[in-house]
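Structure in structure tokens, see below.
Chains: A, B, C and D, in written order; residue numbering restarts at 1 for each.
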Amino acid sequence: MPVPVLDHGVVPPLCTPLTPERELDVPSLERLTGFLLDAGVHGLFVTGSTGEVAYLPDDLRHRALDVVVRCAAGQVPVLAGIVDTTTPRVLAHAHAAETHGAQALVATAPFYAPTAPSEFPTHFRAIRAAVDLPLIAYDIPGSVHAKLPAEVLAGLAQDGTLDGLKDSSGDLDGLRTVLESVGTPHFRVFTGSETMADIAMFLGAHGLVPGLGNVDPHGYVRLYEAARRGDWKAAATEQRRLRELWRMITVGGGRIGPYASAIGAFKYALVARGVLAHGTTSLPMAPLHGTEQAAVRELLAAAGLSQT
Amino acid sequence: MPVPVLDHGVVPPLCTPLTPERELDVPSLERLTGFLLDAGVHGLFVTGSTGEVAYLPDDLRHRALDVVVRCAAGQVPVLAGIVDTTTPRVLAHAHAAETHGAQALVATAPFYAPTAPSEFPTHFRAIRAAVDLPLIAYDIPGSVHAKLPAEVLAGLAQDGTLDGLKDSSGDLDGLRTVLESVGTPHFRVFTGSETMADIAMFLGAHGLVPGLGNVDPHGYVRLYEAARRGDWKAAATEQRRLRELWRMITVGGGRIGPYASAIGAFKYALVARGVLAHGTTSLPMAPLHGTEQAAVRELLAAAGLSQT
Amino acid sequence: MPVPVLDHGVVPPLCTPLTPERELDVPSLERLTGFLLDAGVHGLFVTGSTGEVAYLPDDLRHRALDVVVRCAAGQVPVLAGIVDTTTPRVLAHAHAAETHGAQALVATAPFYAPTAPSEFPTHFRAIRAAVDLPLIAYDIPGSVHAKLPAEVLAGLAQDGTLDGLKDSSGDLDGLRTVLESVGTPHFRVFTGSETMADIAMFLGAHGLVPGLGNVDPHGYVRLYEAARRGDWKAAATEQRRLRELWRMITVGGGRIGPYASAIGAFKYALVARGVLAHGTTSLPMAPLHGTEQAAVRELLAAAGLSQT
Amino acid sequence: MPVPVLDHGVVPPLCTPLTPERELDVPSLERLTGFLLDAGVHGLFVTGSTGEVAYLPDDLRHRALDVVVRCAAGQVPVLAGIVDTTTPRVLAHAHAAETHGAQALVATAPFYAPTAPSEFPTHFRAIRAAVDLPLIAYDIPGSVHAKLPAEVLAGLAQDGTLDGLKDSSGDLDGLRTVLESVGTPHFRVFTGSETMADIAMFLGAHGLVPGLGNVDPHGYVRLYEAARRGDWKAAATEQRRLRELWRMITVGGGRIGPYASAIGAFKYALVARGVLAHGTTSLPMAPLHGTEQAAVRELLAAAGLSQT
């Protein structure tokens, strides 16, 4: 029986565990995958921004995907981020992701190279034409420095290029416009927001791709299920607890970069929870200090999460 | 006798000629290299932003470098852009560039991944430690969305990590601060500005890396030589002519993206001048229309440049 | 019996009607005030951004406030925008607004003069100390180019400087943080969003300040009342209709400035609805063309609003 | 004999001295005016950004202008900044400035109100039509958050609306484009840059409006005169000394706002030089601390400037 294309649900963007030598930590990645599946997630997103995709050499991307595809074993779909600067380089990742078992692809607009919105359709169409897998547009202006316009998304949904959107823009008004304007039944919208996930669901989003879902997948599954049954009060209560937990991303303060702080906190929290063996992050990110690690543990405790 | 490390002069960032099928057009790249050497340039910069580095798959980057290294044959140094998102991915390009004969490396700060200036030294030091070639920092905030601070550059010059700067920031005040503050004799500063090259030289820059230098290398060599002998009036006169020629980058108007317009104009101008066989650009860039091509030809004529 | 300080509800930022000679159109302003009161609004906000405050000479600001205070006749509170570049100039407006009968003041952070968030408390405290009226902070980064941080707002709420916030930032995540962190019972939060008003209410906002509420106050009162009774589905349905109506702000396309288009559309819609005599806007805004006016009328019709 | 319209030279934007009670300090302003005239400046610019125009109530603006016009006594022209949000408010300042003796007006594009470049001509034409004084456009994107396009300036120069430009954009390439494209002999271009004044002159600017010229007018007059006689080496040497002195603007570090630091440093330096009685700045700017004042004194000493 074929694995169904991702329809809705919680799809965490997996952290990519590294050994102290910054090689892929396969046992930790196996444990993380199992931890997420046990929590009831509906899909797995490999090599997303939370997975340090921008830091991973090609072979490390491929091996991470191999591990997760093997562990998922068809229980839930596995999506792969094919993040690179422009179309020709993204195409190489698309072919590789297909080869390594991805069931859907997630691609941003071009970056580094100055690109106008009028060039976005050519980009996404070339990807869709090259590899016959569902394609999800990844709107992440904080990294790409451009926003995917709702009318571009609508056009690419209607001509069958795009199967969905992962919205990490933080622009809920724009998300609502996409939901109102796409008008094709197959198009799926996922929010990348950890902190406004209940609102995205209220607006009609089909699912969540929360980086913090590595740390507390059970919480996001509860939030999602409350939202699905229309219990907005319960969803908001869960969201409020997760908003407090989210504060871990700032433990590094101004001492280290903001992304180093966020990814370092997620990975250390997974160490504290007994899932990862190491909190190692990619270069040039600096590691968390002891007091910063203690702050992560305090937030985990305040959120009622078990630690080893 | 070993090829000297690049000291000063005009170092065009070579366009990467493509066939209509978007494969590397080797004969055109050979002609372009010869055209530039004949004009008296002092170095060759392969896989820079003008070379569509962000669009080139790895193997195409390598083959372009092979061709130029072979054609240069030790007459002038060949620099390679090792442009990618973060340290681990840049390291892979650094090793490959060394293997393929580059004599110096040019690297930007990390991009896509949000990175603080405090993380830049780790990035550049890791590259310098991995590959024993001169390293030039590439400051291009329009693509990277961060500026290399003068104090970071000064520190990395003083500890021997950096041998120079390619400044494509457009910030001449900042360039002056770098020139005033670096204080190590070996550090070399090159401007990426096509339109303020005379001013950069007046401020003390050692050389030029002008994308428009593909089209009119003789002009930039004249400008450079006038500046070297302190004839600022002659340099400014040459600069003014080149500023008019520079207007070719806008021939695409708002019809196509601004970078598609600029690269398309450079490549078409090289077709018009008999150097390239095709004006093909990478996806998702759209080609120039006939009227836009005619506008390029008019600007070439106005600048007194020969055409076929 | 004293007029109560504004507690919650719909508080439209009134358009400032002008004659063709760009003098205050008093009869039109009287009609507009009556139109809003008849619709059941809970307060009136004079000289806000929608009221062209940045375009109005001082005396015109004062006369507009006089008219609305007189027409309101104590039925609902009248708030006055005291918008100017920095503290000393804002203080002059604060005194004048008190003299002309305002019952609460609405002030932005400083603008034009580069000002750090650490300087915002001094600004708001000086205003509150000078004039004994409730003070509402106006967060409008699109005009001020700075965001009021949640922690600054929380501090100024707790020390009694601020009585509330008008949030025109579009940042619903930040709005939620303010609502979670302020922690003083008297602090009131109003959203300036026309298009996400239901969500702001769901997050705990106390009221709405919608510019589009000039055109369809009945709609915003219905949305508000649905939200107050927790009927989020009804609120969202009303919101969806108002989102369609909101599209009038773009009728000017790129022909005229975006603000000229928006204010021109509001004023022309009020002409079409028989409330204003003229659609005149302040210099340098250009007027709507006939086809643009027709587009406004079509949107009014589609929204089920009566026209003359 | 009539005072000539400003043609070229050094035109400092005068600080506005305040008493500890933040009233106009008339004797200090008289001394400052005399200090500048003695140094040989060619014009005086009152109520510019350095003059805290955005902080001054109307009456204080008028009295400052009165004092400077009286002290200048026709020896050099007096320009007045008429800085406010939009056309109608700027017009009020224009009329007042004429009444109080200004011989030319300096106006920015609209701010706070979102305004498109296509609306700028209407703005400047309305000012020019209302008051028959030379009008200079003030390009200061750091405060206005929009850049005056070269083609707009060229159009307004050619139709006689504008007599000149004060360029505080920091964009020397853009400045060069203006100088190349305006093409009317009467149009005068002044740079607001303290740190690239020699370059602006090299590019063809007619004069300087340096805020730091309050502190060291003799230095800027020397720089200007060297530039006028084409001695670019001498101009650059003077510029380098002034660049060191310019570092005073950062003495407040992150403790206070950047503008508070800059204006506080200028005013304290003038106290140290015996020109002003007080270093008081407007609200909400915080004053310099003792160690910050000492740093200003050290920079004055290093620049070879006399102190009391």
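By our rule, contacts are C-beta pairs under 8 Å (C-beta built on N, C-alpha and C of every residue); 3 or more make two chains touch, one makes a residue touch a chain.
Given the structure is predicted, the values throughout are model-derived calculations rather than measurements.
Undergrad: Average the CA atoms of each chain to get its centre, and name the chain whose centre is farthest from that of subunit D.
TA: A
Undergrad: Just give me the whole-number Å value for how far the CA centre of subunit B lies from that of subunit D.
TA: 38
Undergrad: Could you give the separation in Å between the centres of subunit B and subunit C, each centre being the mean of its C-alpha atoms?
TA: Roughly 50 Å separates the two chain centres.
Undergrad: At which residue positions does subunit B touch at least two other chains?
TA: Residue numbers touching two or more other chains: none in subunit B.
Undergrad: Judged by the touch rule stated earlier, which pairs of chains are there in contact?
TA: Inter-chain contacts occur between A-B, A-C, B-D, C-D.
Undergrad: Of all residues in subunit A, which touch subunit C in the complex?
TA: 170-173, 176, 180, 193, 195-196, 199, 202-203, 232, 236, 240, 243
Undergrad: Within the complex, which stretch of subunit A touches subunit B?
TA: Residues in contact with subunit B: 22, 49, 52, 54-58, 60, 83, 85-89, 91-92, 110-116, 118-120, 122-123, 126, 142-145, 256-260, 282-286.
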